[in-house]
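For reference, chains read A, B and C in written order, and residue numbers begin at 1 within each chain.
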């Protein structure tokens, strides 16, 4: 480690206040970039049109093939799909910070100059994404309750279960996003697709819209190792009063919370650790300002 | 510089001039396509990532139909749709938004200042994009068909192949048109691209037969070439004949008509792209908006 | 291959023989969109009645500070931009009427270019651009290898562009401009931000390329006076969209040879630079023609360039400086440079940006009243302003 790097390292450890400052700035920046509330059109695109269209795909699939299935299955799918908006938005949002800033604005290197660690910057940008997603989730749930008769009411939600579960789920998703940002940092433009692809893969593995029981036997252990599987299950229980998977029914709420907490902790360690490694690699190889699009 | 002695007049009836013009622009097409083709080869690891993860996202939709005990052909519909999403993504992010990004990087001016036509650049981008994306789409298709044991019944392979190709050209023709339109009217291309993602997945029936939307909505959605293309390919892949609607495939129109319409759309969109390009170039020269830096 | 080298043209009008570039009263006004600072939008006059004639085979320089209108002129000549009024001809072809005819004969390189698709190698990227000019593969690859060697990039021909340093990237872009063997080449600040050695390599390259085939013409813009002086056959000095002088470097400098050019380094006790008012007071001293200042934050000093009627005015100027509470660290009488010519014509140094010309004002000298950005003399003296000024000056101070 050179002396300047050592100095940087020291600064990084002492600079929590600095981190908070960057967090605030990044949240504000993200706010500007992603949820320009002065522009109602952008709000409509991200918080209404995209999520509602995505939801309607699911609704139509049930409409063409779901005759005769129990309504609970549809409700549970719908609620899972609604909360999954967070995953799509956060994964895309966080990794896009790296790509967009690097490739299209070519400003990433400047962020590196002002900020001791990109981590805070990413978390700050994620906070802005979180707000956009929250509004989308509320709109989708409201639409479901109003137009599709999904039994979601404010009174009916088990808030004591909901809040801890919700928090853990968001944290683990953000951690995954940071991991993905690390991937983007050391890889090429294809990383843009990676967010899309990863959230698609999670959609499958976490049993967001169908019971994990229908997955082939060899895939189920993978599914059961992911925090998102428990997150979805627990959110459904809190919001609807029932889950979707017969297999997970045997797990109590307390157990789910415990597993969720443990897997989330694992995700945070993995995401943070990988990101640090990627950042070091990127600095060493000078990948920060690479432009790889074609 | 004086004109080279004995150089022919610049006129359409002069074969030497036409041949020179043709050669210049074909070289440009090849060169621009080369960039994307070579990118595919250089990022072979990413290709794996790009096939495997989109495949998993598609599989999620397959499992919904499994959970609902849908007829087996639906699995094939979803896999075909899932494979074709890659093209729509490519058209949005690497065609429609491309000039926007080329402008950011200053490349647009270089293209503009060269004697080659920008139309040649667009055609090259299309050809390269089609190739690159076909690798991914075919990967998803083959993998999906094998894993879920989809049985196709193709009675008219040539019509199916023609439909596929003409769908791509109509689609990329639309992309070429949007490239200029985004630059002319779009404030920020990626917002528009984002807007056109899920809603098009919905109305073009990527994950369910488009007929389910009701005839008039589906007919309206045919402005996006993928709607007709998917509908025709689904019918032709599952035993449909050219001039009748295949009832099992819940077809919208007979595939022969759809292929004919797609041919017209390809010509129309590419023609419109040429016109739009002219307008865009003129507007940019008048307003001085070809580059962002000045 | 001869077919790919052939060019086609139609002459729209008889042209004066031997002129590569000609402009007639060329003007360009930009309509800038509304913003917070300019709620009603504004008009920027980037070029204001420019008349230029560049002969075939000439290496012609356009010297002016940032914002003077150099890039705008090049964009019009290379058909990327339409003039608001006036006309321009390249190789006798009207750029507005027959852009295709012009494009076949020209190429452009601009210094700030980020350039190329990251996944391509240097050679591939250059090949790609050569194809847009219809150059056959054999000729293109041949030229690429030869020119990469000339700029010292031959070992990196296979390196991916995303792995190149800024300097290497700029060299690559530079080579790109020559691949189509243009009749007229536009170089827009080609050495911007490059280190001295690289800049020298590129300048040498240009000179050799010009010598290789007579009739090749280069229009080079720069805000480095040394570059214009050393490289160009003739130089036009441009500011606020107007050509203020146009001649060989030697004749331009001769204009002020009878006057004294002084270079002074001064500092004040409070560490601040000079304000605009200070400069005005110095200019009022008898015998002082012009005074311009450049703040050097690293030294905490200001470098003054003063043009005097005669040596006799020196004591008056020094007296004026002590009157302002400034300490003079050094004083030297110098051979005039192109920068001094610029200072004499404009009253600013080349490092300072052109104040925005709104078109409403018609003053040639001095700052515009009101909204124009302040002239960059470090008057404020606080740390951040000084650092900012330093960054802006960095490239000019090479």
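Keep in mind that, in the parts below, a residue touches a chain if its C-beta (ideal position, glycine included) is under 8 Å from a C-beta of that chain, and two chains touch if they have at least 3 such contacts.
Not measured: the values here are computed from a predicted model.
Here B is the chain whose Cα centre lies closest to the centre of all protein Cα atoms.
Comparing the CA-atom centres of all chains against that of chain A, the greatest distance is found for C. Chain centres here are Cα averages; for chain A and chain B they lie 29 Å apart.
The mean-CA centres of chain A and chain C are about 49 angstrom from one another, to the nearest whole unit. Per-chain CA centroids place chain B at a distance of 43 Å from chain C.
Touching two or more other chains at once are residues 188, 291, 293-294 of chain A. In chain B, the residues that reach two or more other chains under the touch definition are 35, 39, 43, 105. Each of the following residues of chain C touches two or more other chains: 114, 117, 119-120.
Those residues of chain C that touch chain B in the shared complex are 3-4, 6-11, 20, 28, 30-31, 56, 71-72, 75, 78-82, 91, 100-101, 103-108, 110, 112-117, 119-120, 124, 127-129, 131-134, 176, 183, 215.
Touching chain C in their complex are the following residues of chain B: 1, 3-4, 7-10, 17, 19-20, 23-24, 27-28, 30-32, 34-35, 38-39, 42-43, 105-107, 109-116, 121, 285-288, 290-291, 293-294. The part of chain A that touches chain B in the complex is made up of residues 42, 45-46, 49-51, 53-54, 56-58, 60-66, 69, 73, 77, 100, 103-105, 187-188, 190, 192-194, 196-201, 203-205, 208-211, 214-215, 291, 293-294. Within the complex formed with chain A, the chain B residues making contact are 35-36, 39, 43, 46, 49-50, 53-54, 56-61, 63-71, 74, 89, 93, 101, 104-105, 190-191, 194-195, 197-199, 201-202, 206-209, 212-213, 250.
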